[in-house]
Amino acid sequence: MHALIQAIILGILTGGVYALMASGQTLIFGIMKVVNLAQGAFVVLGAYLTYTLFVQFGMDPFASVLITTPLMFLVGVGLQWALIRPLHSDDVAQLSLLVTFALALGVEGILSFAYSTTLTNIQPKYANFSWTVVGYQVNLVRFCAFALSLVVLAVLYLVLKRTKFGRAVRATVQNPMSAQLLGVNAQRVSALGFGLGAATAASAGSVFGMLNAFNPGSHYDLISRLLTVVVLGGLGSIGGSVVAALVMGVASSVVSAMASPIWSDFTFFIVLLLVLLLRPRGLFGARTRGAL
Amino acid sequence: AAASGTSSAANSAPLKIGISLSLTGDFSSSGKAAQRGYQLWAEVANKSGGILGRKVQLDIVDDASSPDQVVTNYTNLITQTKVDIVFGPFSSLLTVPASRVASRYGYSFIEPAGGGPSVFDQKLNNLFFVQPAESTRGGDVFANYILSLPAGQRPKTAAYAKLDDPFSAPIADNIQKRFEAAGIKTVYDQTYPSETADMTPIVAGIAAAKPDVVIGGTQEGDAFAQIKAMIQLKFNPKWLYEANGSNSPGDFPAAVSLANTAGVFGSIDWYADSTISGSAKFISDYIAKFGGDANQIDPTSAEAYSAGMLLQEVAAKTGKVDNATIIKTLHAGTWPTLVGNLSWDATGKPKGEYLLVQWINGKLQTVYPAKTAQASPIAPKPNWAG
Amino acid sequence: MKALLARVGVVRAVAFFGVLVIVPLVTGQIGWLTNALIFTIMYAALASSWNLVGGYAGYPSLGHAAFFGLGAYSMAIVFNGSVYGGYLPFVMLPLVAIGAALISLPIGWVAMRTRADVFAIVTITVLFIAQTLAFNFNTVTGGAQGKSVAPAPFDVSTYNWPFYYAMLTLLAIAMGISLYFRRSKIGLSLATVRADEEKAHGVGVRVTAVKLIAFAVSCGIVAMVGGVWAYYVGFVYPQFAVDPLITIGMVLMTFLGGRGTLWGPVLGAFILVPAQEFFAFTFGASQLYLFAYAAVFLVIMLFLPRGILPSISDRLRKKRAAANGILRDASDAASAVSAQPAAHQTGVTR
Amino acid sequence: MAANTDAEILLTLTDVTAGYGAGLILKGVDLSVNRGESVCLIGPNGAGKSTVLKTISGLLRPKSGTVVFAGTDISAMTSRQRLGRGIVHVPQDRSLFPGMTVWENVMMGGFILSDPNLVRRRMEEVADAFPIVAKRRSSAAGSLSGGEQKQVELARSLMLDPALILLDEPSIGLDPKSRTSVFASIAGLAKTGRSVLLVEQNARSGLAVAHRAAVLEAGVVALTGSGESLLNDPEVARLYLGAGASAHAPRS
Amino acid sequence: MSDVLLSVDHFTKRFGGVTAVNDCSFSVESGSITALIGPNGSGKTTLFNMITGYLKADSGSITFNGETITRPRPADLYRKGLSRTFQQARIFPELTVIENLVVAAGYSWKGLFGKRVSLDDEVRAQKMLHEFRLESLAQLPSGELSYGQRKLLEFAAVLMSEPSLVLLDEPTAGVNPVMIDTMERHIRERNAAGVTFLIVEHDMQLVMRLCNPVVVLDQGSPIAFGAPATIQTDPLVLEAYLGS
C-alpha cells in the first residue's frame, strides 16, 4: 500500500513535468496544426541553455527560466519565420512533419557540436532534496516543476481563451482565409504562436535538465511521449493534455513499481490504444459537426 | 581485397587502420572516448617510428550508432578505402554485424568494446575482445567479495534492478545466481527497458522491499538515475553495486555530487589509479593531448589504446602486420595491455577478471581482489549526503 | 496522348531497372557500391510500400517498422542454425509476406477506424508494443540478446549479389503494385478515401476493403524487405529491427519525393540514403553530419514544398498552361470548344 | 454608364486580369461602384464573379489593371490594408471559425479595431439586428445550420461599419423570411451611404435591390445597366435568369 | 402511386441543449418528388444526416423499401439504392472532375480491379458533363471549381449511379438559374423513369412547380404536409416559414 501511494505521488509529479513539456506541443500541434517533431529538441535546447547559465554563471535553474523563456521565444519566432512560413500550402500539417524533423536533427547536430554528447545533468544543491510528508517522499524539484507547469499551463490557457491574440491564433488555424479577410496577420500570428510553443519548452527544459541526465540525442525519447500525451488528451485541448500527462505519469509509475517497469510503457500504450478506439478524438477532444 | 597488409618491413606506405565509431547517436559518448584512445595510440606509435617503420594512419568514420551504417562503413573501409587493418566499433550490438564483415574479408578484428555473449556466440576466430573478461562477468568480482565475507556479516536480502540490454542485465543475473546459491534472498528483481528515464518508481519498489544489498545491472545514465532516486527517496542500502556508471571517476561525482559517492561499489578494468604498468605514461600522454585530468579519462579510451598496443606487440614479435599473422599470433600466449594481461579462447573471449572498486573519501579505489587492492572495502555504506 | 505518356513511363522504368540490374555485373567486386545500393534500394522499396497506405490512402502509418521487424524475426528464428545452402531464405519470402499480411489485417481493421493524426499515433503504439514484445518474448526472440541468422555461404567476391537482387526484386514488386493501384479502381477508391472517407462510404466505395487491401499488401512487402535485411546484416536486435527510425525513414523519403506518386518514394530514397551515408562517412567525425543532413532536407523542402515530384510537375503544368493560354470557361461554349485542341497540344508536347 | 453621373465614384476596376496560378480567369474587367450605391453582379457559374470580389478585397492580386478605391490605387495592398480603408468581404464559402463561439466569431469581425468599448457597442448593435447572434452566442459556430451560419457571417461583416461591402451570394441557404430581411438590410446599407457590391445567383431578388447591375461572362463584363432594366430585358432573362423561373413567374 | 418507399419514424436528435429534431415522422411515397422545407435551423439537414446514417439518431428508425433500419449506415444504404447530396457540396477535391463522376457511378467487386477510368466510364461521364457545361473542366482537379460548379458536379454525380431514392439538400443554392432549369429537367426525367426524390430547398418557386407533396418542418417536427397549393396558404407555414 505504501509503495502504491508513493508510486502515485511520483506519477503525479512526473506527469506534471510531462504536462509542461506537452503544453507547447499541444499549442503548436493541436491549435496551429503543425506537427512539431522538434518540440523535444526544443526542450533539450532549453535544458542546455539552462545548463550553460548554471555552469558558467552559477544561475539558479528555476531563475534562469526568466532568461531562457524569452530567448526560446525568439528562437521559435525566428524558426517559424524561416522554415514553417514558406510552407504555404494546403497540407502544412503533413509537411511540417518533415521540416520540424529536419529541425530537430539540426538542433541535435548543433548541440552535439557545441556540447559533447556525453550525458549531462543540471545539479543545483537542492536537486535531490525531498520532503518527507507522512512517510512519503516528495521531491522538491519535481514539486516545483509541477507547480511551474500548472502556472505555465494556466497562463497559456488564458492567453488562448481570453486574449485577442489567442482568438487570432485559433481563427488563423480554423480558417486562414477568413482570418486574413478580417485583418489578422496570419504570418505574424503563426510566428508568435510557434514562439510561444518554443518558449514553454524553455521552462520544461530547465526542469527536465534537473530531473534527468540528457544529451543532444535525448529528444527522440521525448517526442514520442509528447505526441502520445497530446493525442490522448485530445488534439488542442490543453486541459486534456494535462490529464493525459497525469494518466501517463501515474500509469507508468504504478505499473513499474507494482508490476514491472518493462510493462509500464506497454500498459500506457494499451490504455492509449483503448481510449483512442473508444474515443478516437482523445479524452477531451470535442466532436465537431464537420462537413455535415 | 583480402588481407592486404603484406609482410615486408620494407613497405613504407602508411599502415591504414579503419575504424567505425558511434560519434553520433545513442552510443556517441563512449564512441568518442574510444576515438580519443585510438587517436592517442596512433600518435604515440607514430612518435616512436610507427609500426615496422610504417606510419599509422587512422581512418575513423561515424556509424551514428546504426547497424546498417556500421555494415556500410566496414564494407567501405575494406573494399573502397582498402585499409590494412580494422579495429572494432563501440558496443556489442554493432560489433556483431561489423565482425561478420571483417571475418568475411579475412580481416582480424581487435575490438575494445563488444563483450556481450552474442559476440562470442558467433565463434569467429578473427575476433579479440580487449577487456579482461566478457562484459557479462563484470560483477563476478563483487560476488566474490561478498561471498568471501564471514557468513554472519553477509547481506541476507538482495534487490536487483537490471537494464534490459545485452551487457547490463546479465551482469546482475550472474551475481544473482551466485547469491541465491549462497542463500541470499532475492526480495526485489526487476528488469527495465532502456528508455526508462525515470528510475524513481523502481527505487520506490526497492525501498519498500528493504534489501541489504542493491545490485544495479546498469549503464551509466540509469545508474546515476537510480542513485539520485535513492537519495530523493532517502533509501540507503548497506551495500550498493552498480555495473556501470559508478566506475566513472569523472561523470559519477558530477552527476550525483561527490559527497554522495561514498561507499558505492563498481567494477572496472582500468582507471586513473590503476597500478598496471604503462598506465601512468598513458595518462600523461592523454592529458598532454586532450587536457583535463586523469579522473576524466573514460576506461574505453584505455581499452581502445590497448587494441593498438596489441597490434604493436604482434608486429614486434613477428615482424609482420598482416591479418593472418595477427589472428594466429594473438591466439597464442598472453599479452600485456593497459587493462591487464590478456589471453583469449578460440571465440575471442578473454580469460581474466575485473577489479572491484569502491568510492572511499571521494576517490575510486581498488578494494578486491586482495592482491591488487589499494584499500579495504567499507561496509555498511555511509548514509547519503543528500 | 495517353499511349505516349505510357511509353515514356515504360522507357523510364526500363532504364532505371536496367541500370540497377547491370551495376553489380559491371562493377564486379566493388563491395562498397553494392552494399550502399542494397540499403538505398531497401529504403526505396520500403518507401514505395509505405506509399501504398500513407500516400494513396492518406493513412500515415508509423507502425510499419513492426512488420519490418516481423519479417526480420521470422528469418532469424527459422534460419537461426543454418541457411540451407543460402538461397532458401529468399525462397521463403513469399510465406513471410503472406504471414505478415494476415497479421496486418486485424491490426489494420482496428487502427483504420481512426484517422490521420490519431491513426499515426495508434500505429506508432503498435510499433512500441511490437518492440516490447520482441524484448520480452525471450524464448522466441532472444530478448535483448537478439537473434542471429546463420551466415550465408556465399563467395566473398559476389557475396552481396543475392541480397542486392532480392532487394531489387522487392522494389520492382512494390513499384509494380503501386503502378497497378494507380491505374485501377483500387487507386481511385483509395483516393476518395484519402479525400473524404465519409463521403466515400456514401457513394458506395468499398472503403474498408480497399483500405485493408492496401494495408496488407504494404505490410507484406515491408516484411519481406525486413527478412532480406535481417539475412544481410546477420543479426536482429529488437531496437534495430523494430526501430521507429525505419518508419521515419520511409515516411520522410516518401514525403520528400512526393506522396501518392509512383517515383516519388524511390527518388526520396535515392537522395536521402546516399546523402545520409555520405555525410556520416565524410563529416561524421566532425559532428556536422546531422547538420548537413538536416540542411539538405530543409533546402529541398523550402524550394519544393510539396515534395519533389509534385512540386516540379505542378510547375510544369502551370507553365504549360500559361504558354498555351488554356481557357477554362465552362460557361462560354465557344471558348470551351477552342480549349479542346489546346489541351491536345499540351498532351503531345509532354 | 453610371446611373447618376454626379455621384462620387468609390471603386473602379480598370482592365483587371487575374487568375489562380498561371491561367487567367478575369480577362480585363471594368467595373465601378459609386458611394451609396448597390451594384449587383450576375453571371453563369464559373464566370469569375467570386474572383472579382477576391481581387477587390485582396485575397487575389490582379495580374494587370488597377483597382482604385476612394481615389487611391489599392491593387498592391494587403487585405488588411484594404480592410483598414473600409472594404469588407463576405466570401461565398463558409467563413466562420467553426471551433469558436458565435460571439467570438462576431468579435473577430472587429479584430482591427483597437477600442474595446467600440467593439462592445458594435456587438450589441449587431446582436440586435441579427437575433441568431444573441440566441446562439455561446454555441460553436461550426455547429450551426447552413442558413444560421450565413446570418452570423453577415452579422460579423457589419462590425466594422464598412464603406464598401462585398457580398458573395448572401442569400445562399437562407429561408424566405431571412432572405427578405437580408435584402432589406442591403437596401438599408445603401441608404445610409454605404456601398454594396453584391454577387447573386438569386438574380431576380438581387437585381431588384440593386441600383445598377453588371453581367459577368467568361471573365469579362458583358453587359451593364440599371438593375431594373436588366431585370426586364428578355434576352438577359433567357441567358441568365432561367426560362423556368420566368415561365412560372406569375405563380409567385 | 401509393406505396411508401421511405418512412421516417419518430426520429429525435439533441445536441446538448438544442433539440434539432424532435420526434419527427413522415413518409415519402414511391415515385414522388417530395419537398422538405422549413426555416433555417429547423432540422432538415440533421434529418437527412440521420436518415443516411451520417449521424446517429438519439431515437427513431427508418423504413426503406419495406425494411426497417434502426442504425442506418451510408454504405449499406447506397447499395440499397439511396443516394444523397450535401448542403455544402462534398466532392473529392483531389480527384479530377471526371473521376468524381466515375467513382459515383459505382462498380462491382470485379470492377475494383479494373481500369481506373474505362472507356465506357468516360463516355457516360462526358455526356453528363456536357449537360452541365462542365466538359472543358473534365480533367481539372475538382478542388479548383467554383462554388456553383461544385454543386453542379455533386448533383451530376448523384445521377450517375442508379438509385431508387435521391436526397438533395438545397441543390440549387448558388447555382445559376439557367442551370437550375437543367437540374429541374433532369429531376423530372429521372422521376419519370421511376426515381423518387426528397428535396430540401428554399427556392419556393422551384418547390411549388416541381414538388408534390411538401413536408414543412419547424423546430424539428413536421407542422404541415400536403400539396404545394395547400401548404402555401397554411397559416402555420406562413407564420413559421414564408412570412406574410
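To keep things simple, chains are lettered A, B, C, D and E as they appear, and every chain counts its residues starting from 1.
Operating definition for what follows: a contact is a pair of C-beta atoms (placed from the backbone, for glycine too) under 8 Å apart; a residue touches a chain by one contact, two chains touch by 3 or more.
As the structure is a computational prediction, the values presented were derived from the model and not from experiment.
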item: Minimum number of chain-to-chain touching steps separating subunit D from subunit E; value: 1
item: Neighbouring chains common to subunit A and subunit B, by label; value: C
item: Count of contact steps on the shortest path from subunit C to subunit D; value: 1
item: Separation of mean Cα positions, subunit D and subunit A [Å, integer]; value: 44
item: Between subunit B and subunit E, centroid-to-centroid distance (C-alpha), Å; value: 74
item: Length of the line joining the C-alpha centres of subunit A and subunit E, rounded to whole Å; value: 46
item: Separation of mean Cα positions, subunit E and subunit C [Å, integer]; value: 41
item: Sequence positions of subunit A contacting 2 or more other chains; value: 112, 262, 265, 290-291
item: Numbers and ranges of subunit C residues touching at least 2 other chains; value: 132, 135, 196, 198-199, 287, 289-290, 327-331, 335
item: Interface hub residues of subunit D, defined as touching at least two other chains; value: 43-46, 143
item: Each pair of chains that touches, named by its two labels; value: A-B, A-C, A-D, A-E, B-C, C-D, C-E, D-E
item: Complex interface listing, subunit C residues touching subunit A; value: 60, 110, 113-115, 117-118, 121-122, 124-126, 128-129, 132, 135-136, 196, 198-199, 244, 248, 251-252, 255-256, 259, 287-295, 297-298, 301-302, 305-306
item: Of subunit D, residues touching subunit A in the complex; value: 57, 59, 79-80, 83-84, 88-89, 91, 95-100, 104, 107-109, 111-112, 140, 142-143, 156
item: Residue numbers on subunit C that touch subunit B, as the complex places them; value: 29-32, 35-36, 39, 132, 135, 143-146, 148, 151, 156, 159, 232-235, 237, 239-240, 245, 277, 280-281, 283-285, 287, 289-290
item: Subunit C-touching residues of subunit D, taken from the complex the two chains share; value: 21-25, 43-47, 217-219
item: For the subunit C and subunit E complex, residues of the former touching the latter; value: 182-189, 191-192, 194-196, 198-207, 209-210, 327-331, 333, 335-336, 339-340, 343
